[in-house]
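Heads up, the next two complexes both have chain A, just with different partners, chain B and then chain C.
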Partner chain A sequence: MAGIEIHGVTKRFGDVKALDDVTVTFEPEKIYGFLGRNGAGKSTLINIIANRLFADGGSILIDGTPAAENMGVHDKIFCMSEADLYDDSMRIRDIFKWTGRFYDNFDIDKALEISKKFELDTGKRFKTLSKGYQSIFKLTVALSLNVPYLIFDEPVLGLDANHREMFYDIMLREYAQSPRTIIIATHLIEEVSGMIEDVVLIDSGKILFCEEVEKLMEESYCVAGLSSQVDDYCRGKEVVGTDQLGALKQAYIIGEREKIAGNDSLQFSQVNLQKLFIKLTEKGGESI
Partner chain B sequence: MNIDTSGEIPIFIQIAEQLEDSIFTGVFQEEEKIPSTNEISALFNINPHTVLKGMNMLVDQGIIYKKRGLGMYVREGAVQKIRTKRQGEFLAKYVEPLVKEANKLSISKEDLFELIERGYDNGGN
Partner chain C sequence: MRKLKAAISYECLTSFKHIWIFYGITFSIVGIIFIIIGISTGDSEVRGTISLEVNSMVYVGILGVLGFKEDFKMLIQNGFTRKYIFIATLSLFAFISSILSLVDTIISRVLHEAMLYDSVFGGLYGFDQPFIMNWLILFLFYMSVCCIMYLGVLTVNRLGKRKSLIIGLGLLMVLALLLPAIFRYVLDDRARSMTVELLLKGLGIMPDGKVALVNPCVLFIALTGVFGFVSYLVIQRTELKA
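Moving on, here comes the complex of A and B:
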């Protein structure tokens, strides 16, 4: 089967269970948002997929082939993350050349073209670049590689608004030109919510769900009104969180929107992805 | 065009509505090409599948059509079609909420008629 299939993957760091029996599939040619709070296990799972870490248990199949210690998958996956895997005294254009030798599907002309758009000086050495430009360089490498699985772990860290916009623009154009699986792990949910087709939510090392964004939005809503009326309405429904403001209560619900005829005092509205994320991952279900 | 990705309305519907509006106001003329899925996708940071879904809504309504290998074009008679559709929606979309709000504010039917007259006088065109 095509895709990245993750089955029962577990990883411990000492006493901490970083990943707890994680099973999820990333399908071909889809853009995923991989969301989770700090320390939820996002980077651990990404590093295991990219063969930078080994799982304690479970398996990962890439297009049906086991990923662990398999150099064949190296041509299929590229992972851009905060880790610097480069000789930092090399000039950017020389790193491009080396990348071309390691990856058959690296398009150096495209890398130079993208560098130009970002005004990345390819004559500079990696270590002399600012934090933002070091990220831009790594994004440029990722965007110039035509691999079926592209993973971005916090891609826009340190980028200003213009450069973030430019990255999303180039990424979507590349995706349209040659569709591939793109997995974006990010905290900037609002920025990517229109781009991602599916969302995978991880919390405390467990996958909470993997769902189409559009479907998720259809199936979740917010109801507001007097506390007692909201409580009555919520009975028997799946409430993921609430906010209280004096006598006013707001509840976030997953399920079909059931409107009660003749009741105008309850107000219904859409919940956005960020709000839903916060409510689902709030510790102890408390709100401030 | 302006797409609100955290808003009440699903993105593909916003895409369809805004394209429809641009056709209705003459930004895109009949038998003219409209921007491609990929252009709209990159400009607004929207997944191309979502954009296509919005465009297909307009295809289904006979407002735009696909020229193989060339892109999407505005169908002849699209403006009239949009006008007819919107006239059909006018009661539910504008008049009923207006009456509901007027009732909430205890504005009588006669007063509402008078306000509408005044709206015309103020040059609402």
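Moving on, here comes the complex of A and C:
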């Protein structure tokens, strides 16, 4: 398995360049956090991978097979989308039934079991479900499919904290039983930070980086202290952002942590993924 | 092929029940009209002119639009390619058109025998035409309506509402104003009569008063083919709009 290989993908919507020469590879059997601000290009890229949109340029290969208009990848990938694409007049159990006919590896018993856990009424029609339960239904379909590549676009939209926790639990259990590539595009970074192995950060249609979360956390830190001392310390380092409060300053740095002898007034701490994400994207990725 | 079969089954089975809802509504309305006319005129042998074929044409037209709007989303969500979606949609059109044309042919013949109803087909080609030709021509006609409407909705989706509205208005102007004006003021009598003759020949009504049922078959096959092929070209570049 070669994963999902994206080479130089570009996409324009009129004057807006939604994706600009995007090149990234989602490797097999890894859990990815696909992060970016609103309008960064996450859903556009996902929709191109899922053959819902066409790229203006570049190519996407799934295990070496072109993804665009190719039934050969049908049973390899499933994308749970934020948009409601199901026939909303259909009952949930009927959609399960049809999904079972469309996909070889859809486990309808698992779908019913997950529905029961979430207390999703399978006798109801899609349109009568609340936004949260519509998301639960879509998650249930995705979690009951044993495909090598599973993409979730804003999976927990409208879900309360308990249901979100349940989803993460089930997803990790499924992953442990049958490892596969899971790509989670979400805004709730802190919630997924504990389960994702790699993070792909996109901003203004460009991939800022694709990095292992652990490595990224090891290589990034925060230094705080008096403004002048922090400025001195940061000289020559890769500063991704700063926060200022009066005479105090906090700087977020990527690189090896270096302590300067005789400067004990500076405080060093670990930076969390969400903070790093905010700092990396607030200037449109200029700091990278 | 198994996936294609699943997509075709989805299209056909989920639309099947709507046919009977359509006929239920149609015949309820027809029944109410007959009762009202019967009560108001006191005539129990009213000969109806409410055309089943026109109702069916409207129905298949709506089906052509919904064939894209609803089913495209559902099938693309489930990983089907546009080629498969197109084949499944065309299969749906064929399935529904064949049922509607069969029911319309049977009902129109039964009601004609009962002296209650004259179909459009009977009015154009006579009531003594073979059953199979009645069914075939209606089937091909409904298929071409489906394909025309399908292309229409695909075009609207591709161009956006504003551009489609401008093109639609332009087309309407050409059909409602320009063509009639050319027909009336530009063409001479000979050209006019030749145009009318050509149109009637296309519909199978020959100058000597005879009927050539092969002509409408060829005409509707050609319309289905052309509009179906152009629809295929358009859907190949159609993107999902949430």
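Quick note on the criterion: the second predicted complex is superposed on the first by the 282 of 288 C-alpha atoms of A that agree within 3 Å, B and C clash if a C-alpha of one lies under 4 Å from a C-alpha of the other, contacts with A are read in each partner's own complex, and residues count from 1 in each chain.
Here is the rule we use: a contact is a pair of C-beta atoms (placed from the backbone, for glycine too) under 8 Å apart; a residue touches a chain by one contact, two chains touch by 3 or more.
Computed from a predicted model, the values in this text were never measured in an experiment.
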{"item": "Fit or clash between chain C and chain B when superposed on chain A", "value": "fit"}
{"item": "First (chain B), second (chain C), both or neither touched by A:Asn272", "value": "first"}
{"item": "Chain B versus chain C as contact partner of A:Glu258, first or second or both or neither", "value": "neither"}
{"item": "First, second, both or neither for A:Asp232, with chain B first and chain C second", "value": "neither"}
{"item": "Touching partner for A:Asn51 - first (chain B), second (chain C), both, neither", "value": "second"}
{"item": "Which of chain B and chain C A:Asp121 touches, first, second, both or neither", "value": "neither"}
{"item": "Chain B, chain C and vertex chain A (Cα centres) - angle in steps of 10°", "value": "150"}
{"item": "Contacts of A:Tyr168 with chain B and chain C, given as first, second, both or neither", "value": "first"}
{"item": "Partner chain(s) touched by A:Asp160 [first = chain B, second = chain C, both, neither]", "value": "neither"}
{"item": "Shortest CA-CA distance between chain B and chain C [superposed frame, angstrom]", "value": "28"}
{"item": "Chain B and chain C footprints on chain A, overlapping residues", "value": "none"}
{"item": "For the chain A and chain B complex, residues of the former touching the latter", "value": "31, 165, 168-169, 172-173, 175-177, 190-197, 214, 217-218, 269-270, 272-274"}
{"item": "Chain A partner contacts - residues on chain C that touch it in the complex", "value": "3, 6-7, 9-10, 14, 70-71, 73-74, 76-84, 236-237, 239-240, 242"}
{"item": "In the complex with chain C, residue positions of chain A that touch it", "value": "47, 50-54, 69-71, 73-74, 77-79, 81, 83, 85-87, 90, 98-99, 101-103"}
{"item": "Residue ranges of chain B touching chain A (in the complex, touch as defined)", "value": "3, 5-8, 10-12, 37-38, 41-50"}
